[in-house]
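What follows is a pair of complexes built around chain A, which joins chain B in one and chain C in the other.
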Partner chain A sequence: MRGKGGKDMKASKVKIIGKKKIKDLLREASQEWNVYVPQKWSDGDVWMDQLPKDKQMLDEALEDVVLEDVDTVISPKDIFFPQLESIFKFKDDKIWETPEFSPKLIFGVQPCDLKGILFSDDFYRRNFEDRYYVSRIQNRLIVARGCLRPPRPTCFCSSAKTGPFAEDGFDLQLVDFGDSYFVEVGTREGEEFITMHKKFFSEPDGNYDMTIKEIKTKACDSLELKVDFQNALSLMAQDSFIPEENYRRIGERCIYCGGCLYVCPTCTCFNVFDNVKDKEGERVRNWDACVFEGYTRETSGHNPRKDKWLRTARRYEHKLKFDYKVTGLSGCIACGRCLSSCPVGIGISKFIQEITEKRKIM
Partner chain B sequence: MPRVLTTCIYCGCGCGLYLISDGKRLTGAYPSRNHPVSRGALCVKGWNSYEFSNDLNRLTAPLIKKDGKFIPASWDETLGLVVEKFKHYKNTFGPDSLAFLSSAKTTNEENFLMMKLARAVFKTNNIDHCARLCHASTVVGLSLAFGGGAMTNSINEFKDAEVILVTGSDTTAQHPLIGSRIINTVKDKGAKLIVIDPREIQLAKYATIYAQPKCGTDVAWINGLIYVIIAEDLHDKKFIEERTEGFLELKRTVRDYTPELVEEITTIPKEKIIEIARLYAKARKSMIVYSMGITQHTTGVDNVLSLANLAMVTGHIGFASTGVNPLRGQNNVQGSCDVGALPDVYSGYQSLVDGDIRKKFEQGWRVEGLPPKAGLTVTEIISAAGEGRIKGLYIMGENPIISDPDSNHVRKCLSEVEFLVVQDIFLSDTAEYADVVLPSASFAEKDGTFTNTERRVERIRKVIDPPGQAKADWQILSEVARRMGYKGMDYKHPSEIMDEIASLTPIYGGITYDRLGPYGLQWPCPTKDHPGTSVLHKEKFTKGKGTFMPRPYIPPAESTDEEYNFVLTTGRVYWHWHTRTMTNRTSTLEREAPEPYVEINCEDAEDLQIRDDQLIKVSSRRGAITLKVRVGHKVAKGTLFIPFHYREAAANILTILAVDPIAKIPEYKVCAVKVEKI
Partner chain C sequence: MENNIYIPDLARITRIETVTPLEKIFDISFIEKEAQKKFNFLPGQFVELTVFGVGEAPFSITSNPNNKDKFQLCIRAVGSVSKAIHALKEGARVGIRGPFGKGTFPYKEAKGHNVLAIAGGLGLAPLMSFLTYVMDFRDQYKNLMIIYGAVNPTNILYKNEIAYWNSRDDVSVCVTVDNPDDKWTGEIGVCTKLIPRVDFKPDDTYTIVCGPPVMYKYVVVELEKKNFKEDKIFLSLERRMECGVGKCNHCHIGDKLACVDGPVFRLWDVRNLKEAI
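Let's turn to the complex of A and B:
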């Protein structure tokens, strides 16, 4: 249906949709798509989950859809890169794959997470094509939703210019305007989606361009956490600028849960293992994390990153230095999730503050 | 992609996590953002908790051993055999020829049923579980001192503590979401940390004072602190006067424990003793945190009583962020004790010696003649099985071959017991010795509740079906009771079992599934409108006045000599859980810690000319193991540390079967060993 597209097409058209119509739109769209949208649980936790296909369950799920102040623990990366995924199964001398390629409508993606998806999509196709990832992601439509307020206290997207609204990369983007959303069209596929469901959309009135601009500026101003992101990238680019002591201190505090990497929208590492009984089994892959000692341990037992601080350093260097050198983009998309999921209060925003403001805060 | 909120299977923190499934197996685990313990975070074990139950080598059918080989059989045949054997032993040799080991990995409901099965159906009090091996000293000690053997505070109170004294707990490794709170409080809020531990653990780096005592000398340094506190007039006279009894006796006992003497016994410099005493006593909000390093000694109860003395003498108990906090190890070891999987009490720590209590349970269970005499403990049961006094042994979800002291002794006993039933999710080392193996459901395959270390009763929820013919433990136990002709154990759902627990157990009196909601309730919760309790012993102690029970220092059971010249202390690593039956089936965890090892001090390594990673032989009077060396500064000269997880070099081959006289907890933390190059 579509390729990676969407990157180079600026928002050129704008539609409008009443907030009350969103549920009906999603209901209709779920006939054609597997729809992923944030849903609130009774305990207050919000997850980007797939809407059920069963009619009654769908109606119930639609009641739980939330699009405002959405703080999901994890970015939508797990739709394309699940925590655990089958590579192939085998029995006796037969081997078979079970690829996943359903059409996916990801609705209500935060701009930072959109950057994460685009970054990983690029990574997984850059040197070799990861067929499992590509199979899952190739048939997708992304409806971004800009943030009027930071959903997490740890958000710092305005510093990295990865939010609170996306400039490109989306198929459609929702701009919250009271009882309705302006819908910015980013790609041809986005436009086709609107055409397909045109009864839900109408033309905006008046000087909407200006209104949208004002909304975006106000949203940007609402972010309290500001860091000198560009400066951090250029400091990191200078070799051996960051004192070893910083990494040692952070590495010491870390309890090696892997959480910061598991929740990171641009972390793509996985481990591969076999689940076998007799002559039957499955090869699976699951999320891995570069802070773990075994991640770089060699067969001989030698480990080039045996010390904790070396692994800590590699993590920050990867996100803020090497990714930037290779792609021109930072590997950190400033979602603040590493900090909000860290049991000991370590996060990239704090690391950036430490190196740019030259003070110890972790 | 069904997503279900449940409770983590690993430690006593009791983090709220969501399990994801594809309908057939688990495909992920994520922390709950709003759960009061996890708050959007998990440790590495929690993050990877979805993996082990998918292992294709799960037990999927009941097994009967015939001619030394396990043969799959029907539930009907297998349970028929179990009941036939147990009935025969009961009728021929009496009820006490049977014994039941329950499991702190299973739910409250299942532990309650195991004890009901033992007591109401088979009429024996020979029921115990692994709490005997971890916090039996706490259950006894804190009950004697305060009237209740549980954490007096709650997990989120660490953030407001001014001083935290951590002893015998490698908190960041074993209770990561509590260890992390301690780090945050110290680093971000300026709290002071005191770490007293024979191993220089991660928390030691954050300690204002770190002291490294000789293993097994805890009563000495605690008495030493109290000596200084009284000598410097830092004790809380008002609190002592109004809320405690026995102070004079305490004063008399500790007056011998001068800092000089304490230094001699413990090797902690006397200046440090004075400094620690002042820091702990002078703060307004001081929390004590302890775990296995305190309890797993022949003086385990003495150690716990001494910590209780320390808290009471300074009035550091009964307030928010101020108290005594034993961190319970297993996900549900608090709960399995609460619901009475112990040989001397019913649920809610109600004594079975009390005729009225027995009558209450007889009425509640519609049986007569509940046995009035306390039963045997874990280590006694194993030994009695070896001696032929126990004929039929039923083990649910425990692996004593790896977890109990002196493994060779355990192997011998289990190979000699007449009839052994093992109910588990994998064919463990212990299951290999069974006559009958019953396949059970994992935490993701059933409903129930766990009670975490802060006394929070939390739901676990069924996500997927158990594999093959495996069944939830509560269903299997109910079926055994039914086949014994008992009609009082028919339940449609575990919530009905909880209703029964509530009706018989005052501290759980107000707990129903409807009330538990997403985050549970903390006991005591006596009535249906009670909001639960975050801090214990607030206005008065549960038992009324707190009792000072001073204890003299007694050395460990086995001391070093010329031949066995090293002290061995055992414990766990961050990456693995206990006997490793689950974590060795979790790819990331197993990769991080694939091999057994022994920690040795650099100086000793140099003296012995041993290099890092070299294989050496470590032996005690009971056995020997071969494993790799890890040279460093974590343990002091003359001390070795071995994690007990690994069947490949089981530390418990070396440990000694010497137990605390009251709590009967084994001394895992001290035995004498020697080191040989191979």
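Let's turn to the complex of A and C:
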């Protein structure tokens, strides 16, 4: 009840925080949460990394926090779906499961990556709840950070409507406004977080709604790469439209390194294997990639996807056709990482341009 | 550890039968009575078998679903897990998850109709869950014909069952081998050669097929020459699997998953999918 005279009785769903206060907020929040935030490493790469708990190390890490024009090398998916993860351990006739439950504050998530997280959430809850994924997300707060400018030249979120600002799915969203951020509140949990740390936040003045709208429109206009995303989904949905020749041509150039799949926010394939050390065993799962020849190779040696072009087709069809058919959502969230990470210049945005503009690009 | 689909239940190998130079049949029972009680499978389903420390692999259940105190797997020693289980002795402990797979053989739908079973090599093993079920309720089905092709006479699986089927006048069995030995007096050649001889009415016949991947497209061609209907032909499409529950994604066939939507598919549902057959 902050409003005066009954005109604005409800607290607004938008707060404001000075940029200078962010470090102190993160320092305070890290007492309760495992805080993940983009940090610039000495080599210049930015990773969505966990802040250390040790006081001195935390202070040092906070100096490396970056929130603007951030191109995190990989998506934050590894917070919930680690590259290598223990499923259970076993010794003699005992088996014990090893899920992870820590409270996680993910701070500064790009809107496209947020879509990726929500996509994976849905995938790992579909049909049954994946114990490991669901335990990792059960106590989680997401602070999204809209992009004023595309962090990668390959970004095409405005075409897929997955950015540059999120419309929903966040607990809080930062809107860059000079030396402060507007903080949009998306959920009750987000509101509680602000209440817990209220000394860092204040009420915005004036016609802030209009200001936020202008910021978002300008951000949207800043994306130069535009593709006909919806048309691509429609074309992919028509079973036999994409000529095999397209896949064969791309497949000839692909070096099948799997890089695009590791950086992809929605790639969730994994392998399962056992490790044994000193009579104690552990079953683990680790990331796999459908472009690898061994991915579908059977014990007999038979491989239904031995041909390169079939693996190329699989990749595009999974993202743009089958995911869409099963969930109504595209499996590509238009972050552009596949193209920015590809050594030979192959990416989903280019594939979309090829099929919608009917010309060879790759 | 309730509700965690990734954790195997402990089970014991109660009997091992060496059936060919390559294959053994394993009888398996759960150690916990509760686990045994809730393990009810349908013909065509599979389990994920763990040899602790080696890993996990999917195997079709080969025994009669009506047998509730144990189940059987027929395993060829080719991969790390299958070789490891071949090295185990009776009484050894393994882990079992499952049964998995929604796509089963049409044991209900085929009632009141002819059944044609076509198996190639180790493909006979998954069909056994269905065929033993049909034999239990033999009067509920019309004609039953089993076509089985093996590489050579020593590789023939389930010799006792084949002899039993041969002894009955309500089952017709044709076994053919690619490489006969001196004693072989039966059919020679691949099993597709026998399909033209089938005299069942196409509209009234359910066909189930399981064999090596290369076999399917030739079998389907022969069946369709005789006007067998694609909505009454069922194929067991096995793929590399890791999790068995639709998360690791290795067994994708188009938008379907062999582990969840299969492993048995109606030809109608998969024939236009890349890589299916």
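Brief remarks on what is shown
In this section, the second predicted complex is superposed on the first by the 346 of 362 C-alpha atoms of A that agree within 3 Å, B and C clash if a C-alpha of one lies under 4 Å from a C-alpha of the other, contacts with A are read in each partner's own complex, and residues count from 1 in each chain.
Definition applied: a contact is a pair of C-beta atoms (placed from the backbone, for glycine too) under 8 Å apart; a residue touches a chain by one contact, two chains touch by 3 or more.
Everything quoted here is computed from the prediction, not taken from an experiment.
Aligning the two structures on chain A places chain B and chain C next to each other without any clash. Once the two structures are overlaid on chain A, chain A sits at the apex of an angle of 80° toward chain B and chain C, using CA centres and rounding to a multiple of 10. Judged by the touch definition given at the top, the superposed model places A:231 against neither chain B nor chain C.
With both structures placed on the common chain, the touch criterion links A:127 to chain C but leaves chain B unconnected.
In the superposition on chain A, contact of A:41 is made with chain B only, not with chain C. Of the two partner chains placed around the shared chain by superposition, chain C is the only one that A:269 touches, whereas chain B remains out of contact.
In the superposition on chain A, A:305 contacts chain C only, with no contact to chain B.
In the superposition on chain A, contact is made by A:281 with both chain B and chain C. When both complexes are overlaid on chain A, the residue A:255 reaches chain B alone and has no touch with chain C. Of the two partner chains, neither chain B nor chain C is touched by A:327. Superposition on the common chain A brings chain B within a closest Cα-Cα distance of 10 Å of chain C. Overlap of the chain B and chain C contact sets on chain A: residues 271, 273, 276, 281, 288. Of all residues in chain A, those touching chain C in their complex are 87-88, 90, 93, 95-97, 123-124, 126-132, 239, 268-274, 276, 281, 283, 285, 288, 290, 295-300, 302, 304-305, 310, 313-314, 317-318, 321-322, 325-326. The part of chain B that touches chain A in the complex is made up of residues 1, 3, 5, 18, 20, 26-35, 40-44, 46-48, 50-51, 54-57, 172, 176-177, 179-181, 183-184, 187-188, 202, 205, 517-519, 574, 587-588, 591-592, 594, 613.
Taken in their complex, chain C has these residues touching chain A: 1, 3-8, 10, 52-57, 78-79, 82, 93, 95, 212-214, 238-240, 242-243, 245-250, 252-255, 260, 272, 274-275. Of all residues in chain A, only 41-47, 49-50, 71, 73-74, 78, 82-85, 252-253, 255-259, 262, 271, 273, 275-277, 280-282, 286, 288-289, 292-294, 301, 340-345, 362 touch chain B in the complex they form.
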